[in-house]
Each structure stands twice: as C-alpha cells, then as structure tokens.
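Both of the next two complexes hold subunit A, though its partner changes from subunit B to subunit C.
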Partner chain A sequence: MADITVTMNGKQVGGPAGITILELAKQNGIDIPTLCYLEGLPPTGSCRVCVVEVEGSRTLVASCHTPISAGMIIQTHSPKVLEARRVIVELLLASHCGTCYMCEKANICELREVAVDLDVGVPRFPIRRRFYPIEDESPYITRDLSKCILCRKCIRACNEVAKKHVYAMGYRGFDSKVVVDFDEVLNKEVCRDCGICIPYCPTGALSNPQKSRKDKKGPPLVIKG
Partner chain B sequence: MTNKTTTLSKNQKLILTLLQEAQQKTGFISEEAMVGIAESLGISRSDVYGVATFYSFLSVQPQGRNVIRICKSLPCHLKNGQEIIESLEKQLGVKPGETTPDGKFSFTLTNCIGECDQAPAMLINDDVHGNLTPDKIARILKTYK
Partner chain C sequence: MPEKRIVLKNCGVIDPRRIDTYLQQDGFKAWQKASAMTPEQVIAEVKASNLRGRGGAGFPCGLKWEGARNAPGAEKFVICNADEGEVGTFKDRYILQNDPFSLIEGLAIASHAVGARQAYIYLRGEYRFLLSQLRGAIRQAKEKGFLPHVDIEVREGSGAYICGEEMALMESIEGKRGEIRYKPPFPTTQGLWQMPTVINNVETLMNVAPIILNGAAWFNQIGTERSKGTKVLSVSGDVAKPGVYEIVLGTTLKELIVDLAGAKNIKLVQIGGATGRIVSASMLDTPLAFETMLSAGAITVFDETRDVIDIVHRTMEFLAEESCGKCSPCREGCGIIVNILERFIKGTATPKDITTLEQLSSAMMLTSLCGLGQAAPNSVVDSLKYFRSAYEERMKKVEVVAR
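Coming up: the complex of A and B.
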C-alpha cells in the first residue's frame, strides 16, 4: 500500500495507508498511553486516554481508531493533550472504587500506572461511585465490577480471542455495566475453564480466585469462653 | 482499518425489530423471548440483554397497565423536571423503575422524548403531556384507569 507522510511532533514520518495514529506513533518510538487498546483487535475508543491533537480537527481525536491521512499534523504530547489526558484519567479514578491499597493489583494496575505517569494525583471530583457486590462464585474468575472502568477489553477478549461471547455491555449511561447473560452472577454454568479475559483487565475488576479463599471453606472455628 | 471492523450479519440487524415485537405482544421482554431471539439470530444472550436494557422504551420487567415515562434530559431538568419526578414519586408511592402494587402505573425515567418546547414533559403510554406542574399531574393521573 502507498505510504502516507504525516507530521508527528514536528517530524516528518511515513507509514502505510490504513494504519492508525497510535500504530504509527508506536513504530516511531512515541509512547501514547492507552487503556482500552488491544493490539490486533478492532478498536473501541472508549477510554479516551490515547487522545492526540490533530491540526484542523474540531476536537482531540482518539489515536487508537483514527487512521492517518496525508498531510496530518499531529501533536501527541502538547500541553493541551496532556491536560485532557490528566482530566480523563482523573475522572476514571474518581468513579473507580478507590480502595487501591487493598487491591491485589495495586502495583501492576494499568489505570494506576497511567495515573502515575501523568501525575494525576488524588481526584478532585466527589462524584457518585458505582458499587457492586464481588462475584466470587466461579472457580475461574473473580469479578469486582466496582473496579471496572468499562474499557470493554474483557468483552472483546471473550468474543474475539476466546470466542465464547459471555460478556456484553448492558444498561445505559451511569448504570452501564458488563453483563453476563441476563445480568447474572458470573458462575461456572455460564463460563468455565477459560479465564482468558483476566490478564486483559486494566484494573483489578477481573482476577484469579485467591487460593486463600479455599482455605476458608472448612468449618468455622469458634472459640468459646 | 476496514478489514478489522466487525460487521453484523443481515440477520443480526433484526434484533431491535424482534425486541420491539416482543415488547408489543407481552408488554415486556421476557427471558424466554430473549433466549429465543438470541438463538434465532445466532448471537449471545448477553448481547440481546445488552440491547434490551439500553433502550428506555424496551423493558425486561413486567410493566403496569399504564407506563409513565418522564423525561430526565437536560431541557426538562432545567424546567424543574426534578420537582415533577419527586411529586410523581409522592403521588404514586413508588420510585422510578417500579410499578405500583395495584399494577395500574409503571413509572420510569426516559431520555429526551422530543417535547423540549413543552418541558417538563412526560409520556403516558403513547400520550404526550407537557408543561407539567404537580397539580396538573394529579389531574392527568385521574384520567387513567
């Protein structure tokens, strides 16, 4: 395919037609943070963390789903872009349940990593949070939807990688939620022997069932006085 | 790019038509109906449930005889929509998303119904009622059985 030349951060770079701004940036060693991007799968552009400035565009565009076109002038780390990214991550954190110190993934959480890189700090916005009970019925996956940032990675991993079609987006707006069947608790009837989605989750919403919980299955020990 | 985007098959695009049919026939979309639709279109149950719960005019729970839909979008909100919602809550004794115990009214919030010029507005079944005030609502409710 014909090469397209664009200006990225003041430098002329070229790439084949049809690739996205994000892919071109990767090829040229420019690091654009992402949360919902999955290499090789169709982009959703739901997290907005990868926004970049394109001259002539009314708004910032998500680089993961915007193909390059000839003569584009792109800024990946301008002050405007960084400010937008900070607010986006801050908003994601503000509606995140916020008990990071108790979370298993605290030190490997992608959301936290992006927040640290961008110097977001503790969110300023006291917005409503979504709390859901932890779903630990399944022996393969433990789900804590309070930690979910609705990036849809697990849905795509389940549909396109595992080909199981267990998850889907349900409800609307603030009530949006990743649902299983008719909004049922994830159990081993609907989902078994897989767990492919767990490493895709950028937060601690999906995790491996902890071994320690198995030890708690025995009869309770009651100390009587 | 084009080869990467997923496209729905011609059949799968019929999902809304089928869901609307189910809604019209029984007043709500039952689990059996959703299972049937999922099987006939070859998509997962969760996808059908996702579409059915996205639209405020589709319901997955049984509804009352009359369905009240109050607009919760911005123009109605700016014209004291919240006050209307609260007064209706008081008059019916149920919260949005619930049905009165006698099965007479279901009360839900909906997105814009295109009656912004008469904000705050509501729909009861297919009838539009605009320029609402708490008193007017009481009068309107009496006309429904």
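Coming up: the complex of A and C.
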C-alpha cells in the first residue's frame, strides 16, 4: 500500500493508506484518549472523546473512524480539541452514578483515567443520573447499568469476539441502554460461563460477581496488638 | 416575487389515482427522453443544471449520482427519502398526495442514471394513509411500461425522527436499529447493504423530470447564482394563510411570510424546523437560498405573543426525545440543555447558566456524530444571539437591599 503523508501536530508523518488517524497517532507515540475504541474491531464512533481537529473540516472529526488522506493537517491536542473532550467527559460524568469509592473498578476505570488526564473535576452541567437496579442474578457477570457510559464495547466483544450476541441496544436517546433479550435481567439462562465482556468494560458496569463474606475461606483473622 | 410552480405544477391538476391524467400533462415524456440518452448524458444534464439536494444540506445532486455511478459495487440503489420528520414540514406529504407520478418518473430517471435495479421510497410512518395511493401509482406506471429497469418498493418508517437522516434511514431499511453510521464512507460508495447508494429527497427527484424535459439551461435561469430553481416551503405558525408555497430561490423571507402568507407582528421565524436556525424580525430581508440559511422546507412564524425560551425549550425537548442515543454529546447534551432551560423557565437560572449553554452548544456542534447532534443547539445559539435579553430577564432576581 502506498504511504500517505499527513501533518500531525506540525510534524510530517506517513502511514499506509486506509489506516485511521488514531492508528497513525499511536504509531507515532501521540496519545489520543478513547473510550469506545477497540483495537482490531470495527469502530462505532460513539464516545467522541477521540476527536481531533482537521484543517478544512467544519467540525472536529473522530480519529477512531476517520481514515487518513493525503495532505491532512491534524491537530490532536489543540485548545479547541481539549475543551471539546472536556465537555464530553463532563457530560458522561454528569450521568455517571459517581460511586467511585465503592466501585470494584475504581482504580482501573478508563473513564476516571481520561477524566484525570483532561483535568476534569466536578461537571459544570446539571447532574442527571441514570439509576438501574444492579443485576446480580448471573453467577458469571454482575451488571450495574448506572455506571454504563454506552460505549458499546461489551456488545462488540460479545458479537465479534465471543460470537454470542447476548447484548444489544434498546430504547432511545438518554434512555438508551444495553439490553439482554427484550430487556431482561442478565441471568444464567441467557449468558453462560464466558465473561469475556468484563475486561472490555471501561467502567464498573460489568464486573466479576464479588464473593460475599461468608464464602471467603478460613476463620476471620483478628490482630491483637 | 410571486410563486412559481415547477415542482408543484401538477398538484391539483391531475388525479393522483389515475395515470392517464398525468400522461395528459406531458407525464413520463422526460423519462422517454432520458431512456434514449446514456446514463452519462443524464448525469451531465443534471450536473449542468446545478440542482442541489432539497433535503436540507444542499449537496449537488449530479455529483451524488456521478459518485454512485462510478463507485464499484455489484448492485446500486436509489432511495427516495420521504421520511419527512422535520417539525413543521408538510411539503413532501402535499407532493405525494397530489402528484406521486412525477416522483416515480424522477426515481425512474435517477435509477437509469445511476444504474440501480432496485429503488426504495422510505415513507414516513405517519403517512401510512398515502401508502395505497403510492403503491397504486407505482403499479400503474409499471403496467404502462415506464419502469422496465427498476423495481420500486415502498418501505415504511416507524415514526423516528432520526430515520430521516440518510445513514439511519439505510440502517432502518436494512432492518436494524435506526442509528447513525459514521462517515466516511459516504452512501455514494458504501450505503445500503454496503453498496453505492443515492439518496434523494422527494423534492429533489420532483425537479429531475422538468430538468430533463426542458434542459439544464432553462433551469439555470431560475434562482440565484449558487441556488438554482425553486423551493417548496411549508409555512406554518402565526400566519393568516399557512400552507405549501413554491418560491424561486432568492426570494426574501419577507416576501414569503408577509406578502404571501400574511404574517403580522413577527417576533421570530424558525427556518428548517427543530434543528433549524432562528431569525429575528429584523432579518426578514434575507433571501432564502442555500448560501444563506435555507435547510429543510419548514418556515414556522412566531408572533409577539410567543415566548422565546418556551419555543427553544419545546424544540430541545423534542430533540432530546428524538436523539438516537449513539454518540455521547447528543445523547447527554440535549437533555442537559433542556434542564438548563427549565431553570430559566422557573426563574432559578444564574449568569453562569448562559455560559454553560454556550460552551455545551459549541461542543455539541463540533463533536456530534450526525447532523442531528450538530444542529440540535442551533435554536439555543441563535436565540442567545438575537434574544439574549429574554434570557437575562428570566434569570434569578437578586434583590439588593440598602443598609
């Protein structure tokens, strides 16, 4: 494939035709934050955190699904881009349940990581949260959709990696939700012994079922001082 | 400038249930002329006419056809977008109700030019009452032998606003959830079932037959330098004579809503429905053309008795309801704009809320995946520009007490 040369952050870089801006940035050591991008799987372009500025484009473009073309002038970290990313992360945080201190994934949460990188604190927007009951019927996966940021990684992981097609999108707009069957609770009848989606989830929406205290082996340890 | 009828010339003249009345009005003459031409000649003629898409974006129709014609693909499709979901538009319904044959003729010519063997008319779910008449018109055209090269199928929508967007419409035809796909690839290279697809508005296809029949030079005489032809507009709201008007592009807004429709005491005009721009009464001399502010064919007039924030709030409520929920700025942002506007309605807003509205609107316009999210804050941005005092009046009153 013929190489295409583009200008990224003022530097001439080249890459094979057909790769996306995000892939080119990765190859050149430029870190663009993402939430819905999955390497090797087709992009969805739903989170919009990976937007970059391309000269001549009316809007910012999402780098995860925009292929490079010759002569593109790309800015990955201009003030405009950073501000847009901040607004998006704040929007996601405004509807996120915000119980980080008791979340299993608190320290490996991609949303938190991106928020910290972008210097986002408390969102400037009115908080409007989604609250859904925790689904812990399945012995393999615990779902807490209040923490879901609708990145659709679990859907793609289930469809493309596990080929099981358990999840799908349901409802519309703010009420949209990752559903199982006709919006049933995830139980062991629908989804069995796989759990491939758990590591894909950027937040704590999907997690390993925690063992309750009585299941832990051994007598309780009492330290005497 | 008075009305000029090109698209609507047969409306009210022919019987939409009988093809022979249409044939008396030079019906399918353009198709006979086009079928004698090569597809390339047809495309060249449409390109020369500078016909721009009437769905709102104003993309040159000829370029779209040429793109799909030249794109590699085992099969090609032509879709007529009759999912007229925009708030305050009813022009396509009027056209379909009164003259379905011109549309079929336009589709036949487009299919010939693009090389499609299958064409779809995506009919808005609420327009189900037009279904039998439309199917009857297709059947009659087929019986008369005017559709030897193409099958036209009518698909019904289910009432989702987003399915008027071309990519969501294609997903809907494919039987999937009505959601946006990212671009590129554009529909002309990978559209319906990943095949090259041309998608045109009803009104665009209505213009095709007159162009082929009378020639591109004739069409170029009408309109402004960059917008040729006429535009069918649905005028509604506080006007004496609401209805469908066909005007030459470049006619001013005043000529349309004051002289033709009879509006009085205008406060603001919303051009292009929910995602359209808002203009104040001082801008009525703006010509209506694609280079200024024309989008979908809705003109909604509001008089002095209406409240700006109520209008914007209602518009945003609608968009929050109709957002597909795929990309985060639109899914979360529309609802948050509604919440902030509610503060203005309740009188609890602070100056900070105006700044937040501006920041959020500009980010949504820059980052959203599709046209809905990008255009959703239009009414907020424009009302903040022209009616800022309305927002300031509604802010929380802080009483300063003298000590």
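Heads up, the rule we're going with is that the second predicted complex is superposed on the first by the 211 of 225 C-alpha atoms of A that agree within 3 Å, B and C clash if a C-alpha of one lies under 4 Å from a C-alpha of the other, contacts with A are read in each partner's own complex, and residues count from 1 in each chain.
Basically, contacts are C-beta pairs under 8 Å (C-beta built on N, C-alpha and C of every residue); 3 or more make two chains touch, one makes a residue touch a chain.
Bear in mind the structure is a predicted one, so any value in this text is a computation, not a measurement.
**Q** After the match on subunit A, would you call subunit B and subunit C a fit or a clash?
**A** With subunit A as the common anchor, subunit B and subunit C collide in the superposed model.
**Q** Does the superposition put A:V179 against subunit B (first), subunit C (second), both, or neither?
**A** In the superposed model, A:V179 contacts subunit B only, not subunit C.
**Q** State whether A:H165 touches subunit B only (first), subunit C only (second), both chains, or neither.
**A** In the superposition, A:H165 contacts subunit B only.
**Q** After the superposition on A, what does A:T20 contact: first (subunit B), second (subunit C), both or neither?
**A** After superposition on chain A, A:T20 lies in contact with subunit B alone.
**Q** Could you tell me if A:P67 is touching subunit B, subunit C, both of them or neither one (first, second, both, neither)?
**A** The answer is both, since A:P67 touches subunit B and subunit C.
**Q** First (subunit B), second (subunit C), both or neither: which does A:P42 touch?
**A** Once the two structures are laid over each other on A, A:P42 reaches subunit B alone.
**Q** Once the two complexes are aligned on chain A, which partner has more residues of subunit A within touching range, subunit B or subunit C?
**A** So, of the two partners, C touches more residues of subunit A.
**Q** Pick out the stretch of subunit C that clashes with subunit B after the overlay, from 97-105, 313-321 or 367-375.
**A** 313-321
**Q** If I apply the document's touch criterion, which positions on subunit A are contacted by subunit B in one structure and by subunit C in the other?
**A** Residues 67, 168-169, 171-172 of subunit A touch both subunit B and subunit C.
**Q** Within their complex, state which residues of subunit A touch subunit C.
**A** 43-49, 51, 59-60, 62, 65-67, 80, 83-84, 87-88, 91-92, 94-95, 124-126, 128, 149-150, 168-169, 171-176
**Q** Under the stated contact criterion, what part of subunit B meets subunit A in this complex?
**A** Residues of subunit B touching subunit A: 1-2, 4-6, 31, 34, 43-47, 49-50, 53-56, 60.
**Q** In their complex, what parts of subunit C are in touch with subunit A?
**A** Those in contact with subunit A are residues 160, 177, 179, 182, 184, 320-329, 331-336, 339-340, 343, 356, 359-360, 363, 365-369, 374.
**Q** Of all residues in subunit A, which touch subunit B in the complex?
**A** 18, 20, 41-42, 67, 165-172, 179-183
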